[in-house]
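For reference, the structure discussed in these notes is given below.
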Amino acid sequence: MKNEVSIQQADFSLADEVALLERDNEIDGAVVTFIGRVRNKNEGLTVTALTLEHYPGMTEKLLEKIITTAKERWNIGRVKVIHRIGRLEIGEQIVFVGITSQHRQDAFAANEFIMDYLKVKAPFWKKELTENGEKWLAAKSSDSKKAEQWS
Amino acid sequence: MKNEVSIQQADFSLADEVALLERDNEIDGAVVTFIGRVRNKNEGLTVTALTLEHYPGMTEKLLEKIITTAKERWNIGRVKVIHRIGRLEIGEQIVFVGITSQHRQDAFAANEFIMDYLKVKAPFWKKELTENGEKWLAAKSSDSKKAEQWS
Amino acid sequence: MIKIVFFAALREQLGCSELSLDPTNILTINQLKQALIEHQPQWQTFIENNALLSAINHDMVDGEHLIKSGDEIAFFPPVTGG
Amino acid sequence: MIKIVFFAALREQLGCSELSLDPTNILTINQLKQALIEHQPQWQTFIENNALLSAINHDMVDGEHLIKSGDEIAFFPPVTGG
């Protein structure tokens, strides 16, 4: 579980993260990555930046739990989850999930599962800076429904 | 469709490919990538290298068809498929599929769909150099079954 | 004593990110909510928000969950990360 | 004339990657296979392999598909890329 989760303000390098997942790992032929970025529109409003808050300690614990569940459920090799906090501008990376596996199907499923659960379980909150001012994002019921499909 | 498919001997850079998918693209918040690599074991045998052969012309046409189908089926933004040919050593990258989307679910599904169809439709053939000599890989019925699940 | 922490929109609504309370006579999360409203009546609308989530020592809990001295209790809105 | 190309294991088994044929009297893929076997009897086992796939001008076709002059016909084993 060591070093599988990182909550950080700093940006991360996709290339470096994937290199770490692949290093001395000649058995896993499949690598699936997800990157979530700040987009310039949300619910019809122009977004100029995001601020991300989290609950230190609980976030890491929950993400580790989600990773443990993914490893029980699928045959996967290495896992890395990075989530940034603080102020992020349009186009910046917010979240990274990287998975290696001997089987691409397992890598795809575990990656999507981790993202779906992160979305509805991990204590992060986004505040958008839009053309109409600051606004805390509301949780979406579609995200809850998507996470429920795994159970 | 321009530049969405590349069949090449040269290696590729994950970071550069993702940067191209993200450039001037502030609307797609989700990026899913798949990388297939040469692994050191297959069906119990130690593999030392792979040689990849393809049918020039038909390969590109088929991959473009698969991408078109994925775009009809899911709401995705940009797509890139790279497949290497020639001799590849253990750990080297073989194939890349990168997809951007406004919706992570679409990016995951379209990426896995493209890989599943590439596996069973695109005219590539792998020859493994193993501890027991050279051997053309046999197609796997599990790959055909996986591709059929999309229809 | 127990430590109580608030996050995100709730933190801003209450104008408070953290406080400590003597848990005497507070047995459950729901009772703690009542104690907070007595402590700051203007918090009532925000604390009684049905969508509010609560955690004890980093584990999600419901309103009937028991509180003990030394616990860290968190209240926050539905999460929106990723 | 038609151009015929072979790939991968089949190319190695036949010892041939490409040949040209006059398509007179050859109407279908299956008839082309028979013509190839008459041309090189030692190819019979490999050409009659049921798993063999065929394409005309880069589109997959079955044995009954019609051939016309100028076509590029390909024969190859099941694909194993990715």
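Should a chain be cited, it is by its letter among A, B, C and D, assigned in written order, with residues numbered from 1 in that chain.
Note that in this section a contact is a pair of C-beta atoms (placed from the backbone, for glycine too) under 8 Å apart; a residue touches a chain by one contact, two chains touch by 3 or more.
Everything quoted here is computed from the prediction, not taken from an experiment.
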Relative to subunit B, the most remote chain by C-alpha centroid is chain C
Using mean CA coordinates as chain centres, what's the subunit A-subunit C distance in Å? 27
Report the inter-centroid distance (CA atoms only) between subunit B and subunit C in whole Å. 49
Could you say which residues in subunit C touch two or more other chains, in rising order? none
Two-or-more-chain contact residues of subunit A, please, as numbers and ranges. 36, 115
Okay, what are all the chain pairs that touch? A-B, A-C, B-D
Listed in rising order, the residues of subunit A that touch subunit C in the complex are 36, 52-55, 57-58, 61-62, 83, 94-95, 115, 118-127, 136-139
Enumerate the contact residues on subunit B facing subunit A in the complex. 13-15, 18, 22, 26-41, 90-91, 102, 104-105, 107-108, 111-112, 115, 146
Taking the touch rule as given, give the residues of subunit D at its contact with subunit B in the complex, in rising order. 5, 7-9, 12, 51, 55, 58, 74, 76-82
